[in-house]
Amino acid sequence: MQIHVNGQPRQESDPLSLAALLERLSLESRRVAVELNRQIVPRARYGSTQLAEGDQLEIVTLVGGG
Amino acid sequence: MMAHDVLRIGDFEMASRLLVGTGKYATFELMREALAASGCQVVTVAVRRERLTDTSGRSILDFLDPAKYILLPNTAGCFNADDAIRTARLGRELLEGLGNRGSAWVKLEVLGDKKTLLPDPVGTLEALKVLKAEGFTVLCYTSDDPIMAMRLKEAGAAAVMPAGSPIGSGQGVLNPWSIRIILEQLKAGDESYPIIVDAGVGTASDVAIAMELGADGVLLNTGIAGAADPVRMAHAMRLATEAGYLARRAGRIPRKLYATASSPIEGVIGVKE
Amino acid sequence: MMAHDVLRIGDFEMASRLLVGTGKYATFELMREALAASGCQVVTVAVRRERLTDTSGRSILDFLDPAKYILLPNTAGCFNADDAIRTARLGRELLEGLGNRGSAWVKLEVLGDKKTLLPDPVGTLEALKVLKAEGFTVLCYTSDDPIMAMRLKEAGAAAVMPAGSPIGSGQGVLNPWSIRIILEQLKAGDESYPIIVDAGVGTASDVAIAMELGADGVLLNTGIAGAADPVRMAHAMRLATEAGYLARRAGRIPRKLYATASSPIEGVIGVKE
Amino acid sequence: MMAHDVLRIGDFEMASRLLVGTGKYATFELMREALAASGCQVVTVAVRRERLTDTSGRSILDFLDPAKYILLPNTAGCFNADDAIRTARLGRELLEGLGNRGSAWVKLEVLGDKKTLLPDPVGTLEALKVLKAEGFTVLCYTSDDPIMAMRLKEAGAAAVMPAGSPIGSGQGVLNPWSIRIILEQLKAGDESYPIIVDAGVGTASDVAIAMELGADGVLLNTGIAGAADPVRMAHAMRLATEAGYLARRAGRIPRKLYATASSPIEGVIGVKE
Amino acid sequence: MMAHDVLRIGDFEMASRLLVGTGKYATFELMREALAASGCQVVTVAVRRERLTDTSGRSILDFLDPAKYILLPNTAGCFNADDAIRTARLGRELLEGLGNRGSAWVKLEVLGDKKTLLPDPVGTLEALKVLKAEGFTVLCYTSDDPIMAMRLKEAGAAAVMPAGSPIGSGQGVLNPWSIRIILEQLKAGDESYPIIVDAGVGTASDVAIAMELGADGVLLNTGIAGAADPVRMAHAMRLATEAGYLARRAGRIPRKLYATASSPIEGVIGVKE
Amino acid sequence: MQIHVNGQPRQESDPLSLAALLERLSLESRRVAVELNRQIVPRARYGSTQLAEGDQLEIVTLVGGG
Amino acid sequence: MQIHVNGQPRQESDPLSLAALLERLSLESRRVAVELNRQIVPRARYGSTQLAEGDQLEIVTLVGGG
Amino acid sequence: MQIHVNGQPRQESDPLSLAALLERLSLESRRVAVELNRQIVPRARYGSTQLAEGDQLEIVTLVGGG
């Protein structure tokens, strides 16, 4: 299936949970926040959240800023 | 010494009236050292997309001791209310994940223009109302327009943060008269309402001037991070914040065109008395 | 921290770059407390005729610990070279009697006018030459005229002390461009030649500005003594002196009309990349 | 002399770049004389309720020659968009009744606060949209906030009129940097878009400075009406407007810290060559 | 218009309060046109060695109508009293040869330093005394040091000409407070004593500010000669001189932090009365 | 009947046209503009506009202003 | 004899040494400096310095100053 | 003989009057002023002024200046 992560298209084989995607991206879930189709996904649901064709994901973290 | 003089913003209390940004340091180590020299307790951070490739693996979080600093997430880079609202929510989610109490507040920036990075009054007001309704303690970055500052306070901003001059311009407080009007109007009958001068500070005297005008604190980033020696400048900024705060409360002498002798004018030798 | 950064004037060395006057305090006790809060090591004193009747019996000398402070006698109140020279000699005699090392130097003031208390360039130059010949280490109070400052250095002044603004006026540094020119001209090829901004300082930021311009120190009196709370203002002045000194050496960011982002401009959410 | 340099706002053209208010003169006769001395072609007027009792019978209209002046009705005194819209419509009705072409435009003021009389950005934007839709040529009084100025231009303002300082304060242009940014941003790719500095002007040099910054014109009232000699000040303002306009176009010399000789440095006597 | 307001310096009278230098123009023709546009009656000239080879044959004298202009010879380029005295005498000899009445006066400059071209107070005073004794009407260029200005007046200067900022720097009046003190002190009980602001003027508003402070006139050269369009700038300077002069006498409104309405505050629609 | 003119109550005997009211107030119609219950009344209709109980009128003119 | 001290005339019976005068004025010699006819008198010579008719004395001390 | 004119040495054959020198330099006497050994020479005496070995001359004119 194709999904968009941070504005870029990606091909992923489903089924794929959000938790699995993060692992694949080697991102530590404690240090990111995720928006799925403009709704924030609570950290507790990363495992139970299945991704689907056309999903739009924003995966963010904290960086230096003023 | 100033324990009774802590700065309160919403439920947050801080002994240091200098808030410092974490952007633009050459290295995380240098940032950590500069923050320590500044004596600040609140540091701002930005929310950005994870780089999905070649991540250095190093995170700013490894250099900000949560026991020492309260993180204040900002919505920098957002040019409309919607992006700012989404960014604020993501910041809260991130800080909750870290168990950091900074999840309760946000520094709201809705910028109007990429060249000046000055705030968009209308968009800021719109985003403020939504975030306030969602329970955020909102600190509003704004221009030095006194009416806009009042509208933001009326709409529930926990603190108003007028710009002394454009972000990173190093021009200090370009219009002290506007800042004075903001302070007088927003603090009328509400002395403890917090006004933080945010942005534009270039050197120590700029901070002292802002505090002498009566600001409750100063937020800066580039003035330290961009200095040739950020750690030394951070130290200077810390001292200037205290100096300006004390001078304000010490009651300065009035300005006069002419002189007043500091030594006695009588008893000089050679005079027939 | 700044042990390697002591200020040298002639044979004198001082770690604090703030020199404070002892005039116009409500009480000697308040003066003593303010001087302590200022962290200064050098205090100026004036030479005046003994009151021959109803002397309170109390002397300022009982409130200035000679182990702690170097006294710097001035010639305040003199409106011609002759009176200033005589006053300088009497000051030396007095300090020798007290065994105070301050007997070796003098702050020379030859004033031109009672209303402005601005220095008389010609009379100051004349008195400087005589006192210099008599072995005095002469610190010259002068206006911010760069040529006059250069003439005084050429004539052997151990330090030049331009006025930021008229004595006690509280206007701070009215003409930073003149002070900059004085600093550049007198320090050209002689970086350590001491320039002290003297007079006119009203509040902490004025001191910070003088130090940021590159002055080696600041001398003030009324700014502290005349404040509603002299002890608190003395503390503010001490911090501002250090803040300005550090900021000068930290290398400030340049001033620009437009902004420079302190948070990253890439990676903002909602953007197609 | 500057026929090719007329100022255009919407369909209006004026050779004089000084717009003058008609309020606060001791007498209508004095107003008429001052307006003549100012050389202005556009005069602002306010819309107010008829006094229903003891009307003096004298009307300002008897002192404003319609052949000589274009009237520009304002919405002064309105503190919300609705009142401003109603006032603008009434002004149009009045001027149509008089057959005065000024009926086509309005100086929009939506004030935010009685003490500062500074404009309310949100209310101004709201009223602008309505009046624009009703066919008015709208000149918007606003603060010196560059983003708000841009929003007003985007919403169809025929001219933006930033305040130099609060109405009647006589402080001139408090923040020339903001005015510069407004001019650069709003005129980028649209050089002829009119920016008029409105309010705060106290004396002739304030007007010259505004014009030298690049403003297309200046609108003032109290600076003339409140002067000890309004007719003389009106004359001064007229000359200053032209002086600033010419100086802007003449291309001034750059500012430098140091000197450049105006007399030749070679050929001085007494030198071996 | 201001016939009763002629400026008097010694026996000289001039209707225009703008004095203009003749140096640094691209061509003599351009100079002539700019002088005409400036409306000045007094033009300064320098005394220099004849070039003994390849003289163009063209002389500035062919471009200065003696019926129209009074020449004011200066001692520019002299760095000691002796050279200035000799130069003044040569200037007189030259003007006598031309039968020009300017032979009776001189603009005395004794410079202290090649980089700042600021005046040497001591040398200026020395040369003044000699030239005064020889019957010259001496106009003294000096710094903005109020005491030095007073000494020059006391020594017989027909006019004192403080620098607003260094020659050709274009910084305008850097320290208006000093100029104010000079004006108040030298004009106390002697209102008509002429003070001319000389040097540093960059643009029209600088001239207006100097005149509004109360100066009797302004002398400039580079501000016009160095402008991109000298003729237009000369015109601007002329208007600014009159504007500032009129504004000074018109009695400006006071500066206030807050606003004062220019339109009536009563009678606004929609209010229950 | 009672009407309000410029925020103040007035007793007037009806029928009363707007033109008549202006005349009664000795106001020159060419130099005023009138709002009746928040709607502007075109000058041409002053004669045909009859006032009624409770009418709210704003009668304005031009004055000096900045 | 009459002498002047700090600009004021005083009648004193001579012989009178400078030391004696200071004592009479209850001034602590360690804390003053003295000019006799415009010449400073070294502290050591206060005892041996005899005052004479018409002498002009300046007796000064340190006070607060800037 | 050698004389100095405006700081530069010149060889001239004497006798030579100042007037003659000016002519030789094609300088219009009305537009110059002359210092001979630091003393100004009045225009009227140019003809009668004979130059001598080692004379120092300054010949000046008016130029543009501020």
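The letters A, B, C, D, E, F, G and H name the chains in turn, as written, and every chain counts its residues from 1.
What we mean here is this: a residue touches a chain if its C-beta (ideal position, glycine included) is under 8 Å from a C-beta of that chain, and two chains touch if they have at least 3 such contacts.
Fair warning: this is a prediction, and the values are worked out from it, not measured in the lab.
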Of D-H and D-F, pair with higher C-beta contact tally: D-F
Subunit B and subunit C: spacing of chain centres that average the CA atoms, whole Å: 32
Separation of mean Cα positions, subunit D and subunit B [Å, integer]: 35
Inter-centroid spacing, subunit H versus subunit B (mean Cα positions, whole Å): 73
Distance between chain centroids, defined by C-alpha means - subunit F, subunit G (Å): 95
Sequence positions of subunit B contacting 2 or more other chains: 21, 23-24, 46-49, 74, 76, 86, 90, 115-116, 118, 166-167, 171, 177, 181, 221-222, 225, 257-258, 261-264, 267, 269-270
Per-residue multi-chain contacts in subunit G, two or more chains: 6-8, 35, 58, 60, 63-66
Interchain contacts, given as pairs of chains that touch: A-B, A-C, B-C, B-D, B-E, B-G, C-D, C-E, C-G, D-E, D-F, D-H, E-F, E-H
List of subunit D residues in touch with subunit H within their complex: 261-264, 267, 269-273
List of subunit B residues in touch with subunit A within their complex: 21-25, 31, 44-50, 52, 55, 59-61, 71, 73-74, 76, 86, 89-91, 93-95, 97-98, 167, 199, 219-222, 225
Subunit B-facing residues of subunit D, complex: 112-113, 115-116, 118-122, 125, 143-148, 150-151, 165-166, 171, 174-175, 177-178, 181, 185
For the subunit E and subunit B complex, residues of the former touching the latter: 177, 180-181, 257-258
Partner subunit D, residues of subunit F touching it in the complex: 5-8, 25-27, 29-33, 35, 38, 40, 42-43, 58-66
